[in-house]
Structure formats: C-alpha cells, structure tokens
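One chain, chain A, appears in both complexes that follow, with chain B as partner in the first and chain C in the second.
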Partner chain A sequence: MTRPGVKWTTFALWVLFSLLTLLPIWWMFLVSVKSRTDLFGRPSFLLDISRITWDNYATVIANPAFQRYMLNSLIVSTANAALVCALGLLAAYAMSRYRMRGKDNIFFWVLTNRMAPPAAFLLPLYLLYTGVFQVGDWSLFDTRIGLILLYCVLNLPFAFWLLQGIIDGIPAELDEAAYVDGASTWQVLRTIIVPLAGPGIAVTGILTWVFAWNEYLFASTLTSVNARTITTGLAEFVTVTGTNWGQMAAVAMLTLLPAALVLAVVQKHIVAGLTFGAVKG
Partner chain B sequence: MMRSPTTGWLLLAPTIAVLVLTGVLPFLYVLVISFFDWNLFALNPEPRWTAANNFRRLVHDAEFLKSIWLTLLFTFWVVLSQIVLGFALARLMMRDFPFKKLFRAVHTLPLMIAPIAVGATWRLMTVPGLGPIPYYLKDWFGLDYRLSMFPDQAFASVVLMDIWHWTPFVTLTMLAGLSNLPQEPVEQARIDGAQEWQIFRDIILPFMKPVLLTTIFIRIMDALRVVDEVWMLTQGGPGAETRFIGLHIWKIVFPKTDYGYGSAMSLLTLYMTIVICWLLYAAMTARRGNAS
Partner chain C sequence: MSSVTLQAVRKTWGAFEALKSLDLHIPDGEFLVLLGPSGCGKSTTMRIVAGLEEVSSGTLLFDREDVTRVHPRRRNVAMVFQNYALYPHMTVAENIGYPLKVTGVDKAKAREKMLDAARKVDLTDYLSRLPRDLSGGQRQRVALARALVRDPRVFLLDEPLSNLDAKLRVAMRAEIKHLQRSIGVTMIYVTHDQIEAMTLADRIVLMNKGQIQQIGTPDEIYDDPANLFVAGFIGSPPMNVVTGEVADGVFRAPGVTVPGAPGRGPVTLGFRAEDVTLSPTGAFQGTVFEVEPTGESTFLVVEVGGGRAMLRADKKHRPALGSPVAFDVPASQCLFFNPGDGLRLRRTVPHLQQVTA
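Our next item is the complex of A and B:
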C-alpha cells in the first residue's frame, strides 16, 4: 500500500505536470479573448473576466473564407471517416473470414502505407493531381474529393487493422449460421457484423475523423482556394504580414476543440490507435 | 465452404484500389521522374532523360545534407528526452493518487491536437512582446530570447515543443507495458534485499524491452517526418537552422518546380526512412531472437 506522503507528493507532481501541459493552451485561450490593446504588456496567466471579449471569435466566424475552410474540413473529415470505415470494414471482413492466398502480404503492404514520410509524396501527388488525374478541365487538384481520397492513405491502413481485430473477436459461428439460413454476404455484414462491431466502428470513425481534421501538409499543397481546410487557414496567419494574434488564437482554439471534445470518448483506444496495436492500451 | 476466395478479393478490391491510386502510383511516378531533368522554369521545360544525374547532384547539395543532419539531430534529442521523461511519468502514473483518471486525460490532450495548432500555441508563447516566455526569461534571468535571431534557441524551442507534444504518447505506451509487469519477481527481489536500481535494471527494463523498442521505433519514424508545428513556430529559421528535411522539400525544393531533382530528393528521403526503419526492425527482432 502506498504511504500517504508518497500519495500526496505524486498528486502534487501531477498537478505540476498538468499545469505544464495546460499552460500553453490556456495562454492561447487568453489571447483569443483579449482585445488588441490588452495583448501587450506584462503577460499574466490570470483571466480578467471584466475585460473578456468575444470579438476575435465573432470576426473569424463572420469571415466567409473561414466559414468555407470550416465547412471543407467538416465535409472532408466526415466523408473520409465514413469512406475509410466502409472500405476498412469490407477489407477487414475479407481478411478475417476468407481464406486467400497471399493475404498476409496484402495485410503487411496495407500497413506500410502509413509509414511513408508525407513530404516524400508531396511532389508526385501534386503532379498527379494537377496533371494526370484529370478529365478535360477538371482535375483532382483543389477538390474535396481529392483530399478525401488522399486521406485514405493515412487512415485506411489504421481502420483496416483496427476493424480486423474487432471482427476477429466476433464468433464466426454467427455468420456460419446465417449463411446456412441462406443469407448473402451483404446481409451477413449488415445484420450481424455491423451491429456487433458497432462500438469498434465508432471508435475507428472518431479517430480517423480527428486524424483527417488535423492533417495539414497535404491540404496545403493539394488545394489552393476552393478546398482549403481549417488547418491551412490557421497556417495562413503566419505568412500574412502583421499577424492578428487574437484572431489566430481564436482559429487555433476552434481547430483544437473537436479533438479535445472527443478525447474522453476515445482515450482508452489512443495507444492502440497510435501504435497499431503493437502496444496494447 | 460457402465463401469463395473470389468474394474475399471482391471485398478487398476497393481498399486495394484506393491505396494503389494514392500510395503506389505516386511512388512509381516519383521513381520515374527522378531519372529525368524536368524543370518548368528552365529554358527547356520538357522532361529529359538524365540517368542518375539528379542523384549525383544530391550528394553535393550542402543545404540538403544540412537538413538531413538537423533532422537526425532533432530526432536524437526528442526521442531520447521523451523516452526518459515518458518512462518516469509512467512510473509516476502507476502509483496510487487522487484524480488519477483526470490527470491522465489532461496528460493525453496534446496527442489529439492538430500539429499545426500545437505550433500556433507555442508561437503565441514565444512571440517577442506578446508571449510570456521571452518576457519572463528577460525579467527573471536577463536572457534575450528571440527565435528569429538565435539558432540554438530556435532549435531548443522546437525540441521542447515536440517533447511537450509527444511525451504523453511514450507515457501511455510505457504505462500499458508497466501495467502488465508481473509483481511476484519484483516482490521476491525486494525480499531478497535487492536495491531499487537493481530491480529496475534486472527485472523491469528487460521486461519492458519490447514495448520500449516499439515505442522508440514509432517515435523515430514520427520525428523524422516532422513538418507542421516547426513551420508554425520558426518557419525553419533563423536561416535554415531548424529547416528539417520535410520542410526543406516542401518549402525550398518544391516551389522551385525542379521536379526531377525534387523527386530524386523525395526518393532518397523515402529510402533513408526505409533503411532506418529496417535497421530498427532488425535490431528489434534480433533482440527477441536472442531472448528465446
């Protein structure tokens, strides 16, 4: 049993570490609710409630460019999460239940897609998107479809791996029985696998959604105006001269908010999610 | 069996198709282009075959070599600090104390935040005239802190930011490993009069080796491709002092539209990553092989 002294020392240490973790985020929040004139001077980590202003958020949210970024991010992340879950589920089911030659190689190959450094793929993807994947005047460059497809490289291996583990946990006898009763593969998937794997699919969806929402490098290179996402919008604040820190902080807060909100739901699965199950969480 | 492999392949087909389109094709494309001289701004903007010339140029590209060196240096420092710190924090998390779940959730928070927002956060902390870090360093220690002027400070700040961002990941994996640690050998060793550091060295460390190596492996792969948050914090500066390889390709090589050369560089980066990946993997499996 832990002695009380040790217990409270540990507690005190964790208070300290949590402060270190929260301080930069808290500071950003403070900057986002300050007016321009209050920004400079002696920095204080205390919140002066009487001087709070939501102007930064109001300005940002009223900005049509920002609205478009936000909408794009929502559409791209949601569509990508849905697509990845659907494709991942089919593939994971095949991997889990069918006997196929060379499927271990396929499994390994799918996973390696996640390992590649994104910067090495920027140039070929840019060239493919602007010059090769095109029909007439329409190309994948600067389209949401382009980003939705691209994020599959990041998310599909992950969903594939996570869902396979989940489907492996569903007894194969259940689908055997349904097949005997004359159900089709589609019916088995819809009536047995999807309901039983529901929570797992939800976790997969949430994590892939966050990964897609957070992505920046590809979004900044493969879009120009129409399909820009919120992360690229945030980065634009750095390059524009005379940075408006308050608004930048407001955008950053809005960018990190969804991730912070889902944290409670997926916390248990983050370790497995980030290590591909190499380490059990 | 009612399930023919054909149905299985049909179910797999969409996944394979998407990954071929967005993963394999770009790779093949970059492979081909890297053997061509293709620059949109050159006198002759059409691709011309140059065999291995692009790769020959790389070896003498001081900027490229410097960015590789900086990336390796960065990777070394962040991974080393995170492993030590994360391990210590995981041991601390194993103890019994109030509000454990809450502290754990707070500690996990940075992992979920977009890297670009992490960069923004730290930029707000370090901007001269606004951020608390330069202000209090000046106020308390008389230290002049300017990321845009001092390379060492910029490098150290980027490393610290990465430690803030990714140490929780190490903590969580170590925690997962530690919670599987069998208690009997530890108790037994304690009864036999072993010192705490002996228990750590002879029981805990060998047991944690697989988790430790996997974590190091994943962290190195991630550190090698860092871009977003560094771009937000320092833009690779001052000069090129924090311009890591990803930033170099993205911000320096890419806008020059020297596509053949850029492809060769991308390919070499990819190759380097694979080699490091493979070496680590070999080291990991070799250790396991010896143990069995």
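Our next item is the complex of A and C:
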C-alpha cells in the first residue's frame, strides 16, 4: 500500500521534472511567437502570452531555403531509416540464425564502430567526400545520398544490435517449420520474421529517423547549399549583422514538431519493441 | 509417400558424436517410432530426415532418390514440432494454408485443401482464430492439419503429445494412429515415452547414446530385449535384474537358483514383474521391502539376490513388511545378459518348462 504522502511527493517530483524539461521548449515557443520589439522591449515574457504573432512562422514557411532544408531533412531521414532497417534486418537475421566462426567477435567489432567519437571522423570524411568519392565533377560532398550513406554507417551498428536481440527472441523453430513447409529463405523473412519483428523494426526505424533528423555535425560539414538539412539551416539565422531570434525559434519549433509527434504516437511501441526479446511469445 | 533409408549416417558436433553410423530402412507406409532417453539422438535423426540438420557423413534416401544434400523446402516432408511451431501472427486458416501459399498453389484450390485438412482434424469452427486463442489440444490439431494439407512423402512428428495433459494425450494418441492408418503415410514419430511408442508403432527403434539398441515390433522389443538397456527402458515397471554367477548351466545369486542358464561366470538375470507367480516353494527367495497398491494390482518391492525387484501380485495381497516371500518365474521368461557389455546371452535350446527349486 502506498501512503498518500508518498503518492503526492512522487506526483510533485514528476511535475517538477516535466516543467524542467518543458520550460526551454515553452520559452522557445514564446520567442517564436513574439515580434522583435516585444522580445527585446519587454524582457519579462515567460508567462506573457498577450501579444502573440505568427509572423515568424509565416516568414520561414514561405522562405524557399527553409522549404528545401525541410525537404532535404525529410528525404535524408526517411531514406536512412528505410535503408538501415533493411540492411540491419538482413545482417541481424544472418547473425541470429547462421552458425559462423567468430560470431561474437564480429558482433562486438560492429558495436565498437559506434563507440568512437564522431568528430574524429570529420576531417577524413570531408576529404573522402570532396576528393576521393567523385566521378568527374560529381562528388558525394553536398549530396543527399552522401548524407544518407553516412547516417547508415553511423546507425547500422545500433540497428544491428537492436534487431538481433529481437530476432533472437523469435523461436528458430518457426523458421524451421516454414522451411519444412516449403518456404524459401526470402519467404521466411517476408512472411515470418518481418511480421513478428514488426514492432522492433518500427522502433529501429523511428530511432534512426530521429537520429538523422537531429544530426548537425556531419550535415553542417559535408553539405554546403544543395543538401543542407533543417538543423544546419537553423545556424543560418546567426549572421554577422545579428541573430533573428524569432524566426530561428520558429524554425526550431518546426524542426522539433515531426520528431515530437512521431515519438508521442509510438512511445508505447518503443517500450514494447525494446523489451520484445525479454518475453517469449 | 516414400520409403526412407539411412545408410551409415553420422552426425558430430565438434568432438561430440550425436549419431554413430546409423543404418535404418523404413518401408513405405510404416509407422516407425524413434524411442530413447533425452540426448540419445532420436530428434537428431528426425531433423536429419527433415533436412534441418546436415549429416556429417552417410546417405539419406527417399525411395531411391538421394536427398542427403537437398534443402528441407524441396524434400516434401511434413513435420509436427514439439511446441507445434504455429505462426503466432497467422490465423488457424493461414497457418494450415501456409505450405500451399509458399509453394504457389492456386488460391481456390489451396482454400479447398485447407478446409479439407481442417475438417479432418475437426477445426472448421476455429479458422479465423489466432493460435494464442486456442487450447493445447486445438493447437496440436492445427499443427497436424498444417502437415496434412499437402501430400508429403514422409510425415515427421517430434514429441507431438508431450505438452498435452494426460487425458488429452491418450485421446490424441488414438487420433494420430487412426490418421496414419487411414491415409497410409510413412510416419516417423519421436518420443521418450515408451507407452506412446508401444501403443502407436508398427516398429520401434530404441536408441541410446547415438546408437540403435534394437529395432522391432513393440512385442519383440518388450518380450525379447537385445540388451540390458532395452530391458530396463521398456516396461513399467522396468525389467527386474539380479546379478549372480553361472556355473554348469545353473544361475546362482543369494536366494536365487535358476537352472538352464547360458554362459559362465558373472551373469545378469532379468524377469518382468507380471511374469512372477508367488509360491512358498519358489526358486526366488526374498523379503518384502515395500508394498505399492495401484488399484488394479499390488506391486511388491522385494529384496532378492542382493538387489531389489518389483513383483506384481493380486490387488488384495498385502504382506507384512520384512516378511519372507518366495516366487517362481517361467523359464522362458528368464532372460540372461552379460553384465559387462549388457548384451543378451541366449540359450542354445529353448527351456520352456517351469523353473523349480
């Protein structure tokens, strides 16, 4: 039994933590709906929602550069998530089901790829993208495919690790039954593994999508004009003549929105997906 | 339907030898039971027939076709797994129809066959349910229907009744036997339950430590065991054994004298509980250690010949603990084994007369 005092303390703590988390977002929202004059003229604005304006949003949404950044981010994130899920699933399936020498070592090696600090790869990647991976005038630098491939490299170890746990949780007997029933490996994957690992694949897809959506470091280094993503676009509001705080906050809110929406809708499935292997079906 | 032949089939995992050169022929339409304790190699044998394990050496034939290296999907065998291996995300109808779907059978024909298989196992009312909404017995029937839905060359069942409760097990046993007789398919059935093996099999293959101990009809295996392992594994209670010495054709152990024994030196005598006749002048003299009434009869645990033996007596028989007991066993039911390698020692001339003291 829980005493009422404990219950209320817990409740209060959760409210406090929620406020702490939400406060910066609320602040950013207020900045995005204030005019420049209000922002600097009436500094006490934390709870002041009297003079709201949507002009900042209207301006950035109508801005062709912003539209391109948004489109780039959507394409890069979605393609990355799809590619990572497909490749991760195949790798994880092979690792989970086939007997092979040095399996544990391969698994660990793949994971260690994720451990190195990404900044360490920055310069080599820049050189590769601008000087090595090129055909004639075309190079990977400042292309969406360049970003997609790079995010795949960064996300695959994570997807591989997550999906292997999930596929391990699906009894191998089901594959065997399907083989005996006359299915090919491809049919086993399509009709047995994918449907049963569905929640796990969705979680992998969402988390990798969010990663690619939020990524800034590589996007800012390996793109210049054509393939700029929304996160790098944010920085463009900081110029030598000053920072357009209102529009920047509006873009930040718009950047936050898809990720927040996706996570809000699927958060239950994420928990279910992450604990999938723990419970036998 | 096909006959199945295993020729010198070996299976090793590293240094561990799971199957030691197995030779076995299963004629078309036979109900063969692979019986043995855990780890004896019976499931490995079945998985090799299904193609789920590769042989380390040897050949597997279906009729005269060499299928040793053929992928399981191309062998056309049907298998019922111990845990049924039903696809949890598919309905009963989809589960049963799966083999037809993946092999590209025409949809209308597939549906017809699926309904036919479902009818055979009485599942037509459950077609739209998911496996998790079914009872153990119903799941078991779905697995059977999925195997029945096509015309497999061989039917494999891997301990299919072990997850059912005792009552259902008996009912399903009869259904499986009836099914096999009605469709006349070659069936290989793996179990560690000797009662299942005895009731179902045309022939039993009793295995231990990766080797066949004996192949025969249930009666042959029960009445004429090839070695001590078979004698001890088959029968409930298992065969009683008394170890003694044979000299001049007479077996002797403390309180036991049996003439007409083969061999010489240390010999193990075996006899079954139900072959015993209590008689005050019996050739076997012992004392009552414990009394176990079962309702239909009473088992006496008797200390005899330096060990313990189970005797079946009349249901009303209740001797006092520690009291002396004497009994006879017909000579034909006294089996002799070499205690060294456990192999049966056979008499040169059958002795059918009653053993007397």
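Here is the rule we use: the second predicted complex is superposed on the first by the 252 of 281 C-alpha atoms of A that agree within 3 Å, B and C clash if a C-alpha of one lies under 4 Å from a C-alpha of the other, contacts with A are read in each partner's own complex, and residues count from 1 in each chain.
One rule holds for everything that comes next: a residue touches a chain if its C-beta (ideal position, glycine included) is under 8 Å from a C-beta of that chain, and two chains touch if they have at least 3 such contacts.
For clarity, every value in this text was computed on a predicted model and none was experimentally measured.
Peer 1: Examine A:Val31 and indicate which partner it touches, taking first as chain B and second as chain C; both and neither are also allowed.
Peer 2: Once the two structures are laid over each other on A, A:Val31 reaches chain B alone.
Peer 1: Contacts for A:Pro171 in the overlay, against chain B (first) and chain C (second): which applies, first, second, both or neither?
Peer 2: second
Peer 1: Of chain B and chain C, which one contacts the greater number of residues in chain A?
Peer 2: B
Peer 1: A:Ile61 contacts which: chain B (first), chain C (second), both, neither?
Peer 2: neither
Peer 1: Contact-wise, after the overlay, does A:Tyr179 reach chain B, chain C, both or neither (first, second, both, neither)?
Peer 2: In the superposition, A:Tyr179 contacts both chain B and chain C.
Peer 1: When the two structures are overlaid on chain A, which partner does A:Pro195 contact: first (chain B), second (chain C), both, or neither?
Peer 2: A:Pro195 sits against chain C, while chain B stays out of touch.
Peer 1: Which partner does A:Thr255 contact after superposing on A: first (chain B), second (chain C), both, neither?
Peer 2: A:Thr255 sits against chain B, while chain C stays out of touch.
Peer 1: Going by the contact definition given at the top, which residues of chain A touch chain B in one complex and chain C in the other?
Peer 2: On chain A, the overlap between the chain B and chain C contacts is residues 179, 281.
Peer 1: Flag every residue of chain C that touches chain A in the complex, lowest number first.
Peer 2: Residue positions touching the partner: 50-52, 71-73, 75-79, 81, 83, 85, 87-89, 98-99, 101-103, 146, 150, 156.
Peer 1: Over in the complex, which chain A residues touch chain B? Could you list them?
Peer 2: Chain A residues touching chain B: 1-2, 6-8, 10-11, 13-15, 17-18, 20-22, 24-25, 27-28, 31, 39-40, 42-43, 45, 87-88, 90-91, 93-95, 97-101, 103, 106, 110, 113, 115-128, 132, 149-150, 152-153, 156-157, 160, 179, 185, 210, 213-217, 221, 231, 234-235, 237-238, 245, 248-249, 251-252, 255-256, 259-260, 262-264, 267, 270-271, 274-275, 278-281.
Peer 1: For the complex, which residues does chain A have touching chain C?
Peer 2: Going through chain A, the ones touching chain C are 171, 173-174, 176-184, 187, 191-192, 195-196, 281.
Peer 1: Which part of chain B faces chain A closely enough to touch in the complex?
Peer 2: 1-3, 5, 7-12, 14-16, 18-19, 21-23, 25-27, 29-30, 33, 89, 92-93, 95-99, 103-117, 120-125, 127, 129-132, 135-136, 164, 168-169, 172-173, 176-177, 180, 211, 214-215, 218, 221, 224-225, 227-228, 231-232, 235, 245-247, 249-250, 253-254, 259, 262-263, 266-267, 269-270, 273, 277
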